Amino acid sequence: MTSWAMLESTVTLLARGALVSLWLALASLATGTGLAVLLMAPAFSRFGLARRAYRLFVWIVRGTPVLVQALLVFYALPALDLRSGPYVAGVIVLTLYLGALIAEVIRGGVLAIPRQQWDSARSLGLPPGALLRRVVAPLVIRYSLPAYVNVCVMAVKASSVLSIISVWELTFAAREIIERTLAVFSVLGLAAAFYFAMCFGIDRLGRHVERRLTPGDFAGERT
Amino acid sequence: MRTSLRRLAAPLAALALLLSTLVPAAAEERSRLDIVLERGKLIVAALSPTPPFAFTDDKGQLVGFDIDIAHLVAEALFKDPTKIEFVVVNSEGRWPAIESGRADMGVGGTTTYPDRAVRVAFTRPFIDSGISILVAKKSGIKTLADLNSEKNTVANLNNPQMADRAKKFFPKAKVLTFDTPSAEFLAVQSGRANALQIDTAVAEYFANTNKDQFDVLPQLLTPSQNNGIFMKPGDFKWWLFLDTTVGELRSGSWYPRYAEIYQKWFGKNPPPQKFYVTP
Amino acid sequence: MLKFQRWLEVYGAGYVDGLAWTAVVALVSAAVAVGWGGALLGVRLVGGRPGARAVDAYVQLFRNVPVLVPIYIIYFGFPLVGLAWPAVVCGGLALVLQNGAYISEIFRGAHKAIDRVQFDSAKSIGLSAWHTFRKVTLPQVIVYSLPALGNQVVLLLKDTSLLSAIAVGELTMRAKLLTEQTGAAYEAFVVVAALYLALVAVFEVGFGLAGRALRWP
């Protein structure tokens, strides 16, 4: 096969793999965010048991490597008789992992709201639903956006771990190609470039959104 | 978060309790044959890359001798060889893929061994196999005895049978473990190892694609072995269907189809259908 | 529970082995990564504009690429150029390069937190650059960065599990081998998960103690 044709097929395969990685990350971010919002109920619950259950969940998910969680879901959980087995397992793993991370981000956002804001919000006399929607949510979003963007980048990076449980995405595709062609540096270099583009892109997009959402003199330095 | 060691006990107990609720439920009553027929599609776990049995070509398509056999099984089920879906697995992921029901059956240079048969069911063989050693020419290794020295590093696949053979035939050599045959091959190509242990057909495929760099040692590490389709044990109806299909491929009504695939991947005729039938 | 007891009796030795590998790889890589991160900070401080730019590029590169990629590049690629290092060295190197980037950022933040006034006063009492670094900069950087450093080391510890992809005999690899041997994936991995949680707790407690010990009187 001519080297041009090989290059073209390599780039095509890697691009497809990158799209799969991106899709996995975005899907898991969506479900993970949903899970995180649901987790806010036990996180701030009146009942100590609920709060401790939340903390236990977060402690376990953050204290074990993503790979171990992925292997547990992949090997040890019973038959999920679903078509795209590895993909579903992958999304489940990432959902739990990102869910815990995002829950902590949102919780941090809520806790970052200054005391005075709470007091003035309550003095407005709004019903709790409206309070949540019109006062709390925008503030939380603003405070937690930088950390949330970080988690988005982590989602893309975590998708590469799924290659180890045979999910076909960018890293898996790269390994397949180098095992066939031995072009380790160029292929993995290209894969790194794809990851960089995705992660850096998300980061920049995040900063752009942040700037739009925070008026003038909002404090808070991005790390 | 400051964590005192005392607090570990409760969370760990809770973790174990939590996970114990997820232990697999009772075995399903319906045969996988019925499930597959109802689904309208066959899902096959493929150990890849194990060229020429199963591997991905430059376009990212899964191809190979075992892949074509799997297509024939789909044709037997649905009269349509395309009603099939492949799940690529690595050496240790093969078994969970079929044990969990994620795949209906598995292919990909998988050899039948009695100790494997404790956990996995096999059809009769659809191809003979054996285990050979592929060596890099520049290592100068010509026999199995040469291999058995501390200077050599052998790439293995991560299954117990390979580990046993390594201890038996070349205990003095260093051993590296990989999760796919092509990762073994990459190790030898890059100089990390100077030999690898794998199915004879795979070794010969690797050697043929790089004629001047590799040799296959003439000695087999095993007698003639059997590669078959593997599946979750206990499902007689499913096993009977698959075994019958393989039997017909090897020595019955579908022998011409089998011979066609065999020629395509190995460049020669398959073993005769029956010793008393002249082709 | 009884099932676990028997499981641990039979396979405990393998777990201890894996635990030792994980802990040692994590500690050594962490130490080297701290050194590397410090060196990167040094380049940033004395290298002027180009130095800072180079370090920024390095940090951005490793922040936006998953750590599996450098692990594979080093493990599969280096032998092609003649450097066939053992798997643990390859993996450790990748971890050092990756975490060194994050650690240099931690140090940078800590360095910025030091009041500029201190440097002026140091100069005014005649301290040399080296002395300023040793007596003023270094101690404060260490103390300010300790919490974040602790976090980063825990992340590094968890990343050691990825070394199982290149067959380093650490905890995750042990679990995979056990699963292959026995088919009991659930037991194998639950124990490993618990061991990681324990290790993380040990590291966190360790860093907490170190932080308290190093605090200004």
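Which chain is which? They are A, B and C, in the order written, and residues in each are numbered from 1.
Everything below uses one rule, namely that a contact is a pair of C-beta atoms (placed from the backbone, for glycine too) under 8 Å apart; a residue touches a chain by one contact, two chains touch by 3 or more.
None of the values given here were measured: they were computed from a predicted structure.
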| request: Could you tell me which pair, A-C or A-B, is linked by more C-beta pairs in contact? | output: A-C
| remark: At the largest C-alpha centroid distance from chain C we find chain B
| field | Length of the line joining the C-alpha centres of chain A and chain B, rounded to whole Å | value | 35
| For chain A paired with chain C, centre-to-centre distance based on mean C-alpha positions, whole Å | 22
| task | Could you list which residues of chain C touch at least two other chains? | result | 76-77, 80, 176, 179, 185-186, 190, 193, 197, 201
| field | Junction residues of chain B, two or more chains touched | value | 1, 11, 15, 19, 22-23, 96, 186, 190
| request: Name the residues of chain A that each touch 2 or more other chains. | output: 59-60, 72, 75-76, 175, 178, 182, 184
| chain C - residues contacting chain A, complex | 60-61, 63-69, 72-73, 76-77, 80, 105, 109, 158-162, 164-165, 172, 175-176, 179, 185-186, 189-190, 192-193, 196-197, 200-201
| said: Give the list of chain B residues in touch with chain C in this complex. | reply: 1-5, 8, 11-12, 15-16, 19, 22-23, 91-92, 95-96, 99, 119, 158-160, 176-179, 186-187, 190-192
| note | In the complex, the residues of chain A that touch chain C are 59-60, 63-69, 71-72, 75-76, 153, 156-161, 163-164, 171, 174-175, 178, 182, 184-185, 188-189, 191-192, 195-196, 198-200, 203, 223
| request: Spell out the residues on chain C that touch chain B in their complex, using ranges where they run on. | output: 1, 4, 76-77, 79-80, 82, 84, 87, 167, 176-177, 179-181, 183, 185-186, 190, 193-194, 197-198, 201-202, 204-205, 208
| note | In their shared complex, chain A is touched by residues of chain B numbered 1, 11, 14-15, 19, 22-25, 28, 35, 43, 49, 55-56, 58-60, 85, 87-90, 93, 96-97, 100-103, 180, 182-183, 185-186, 189-190
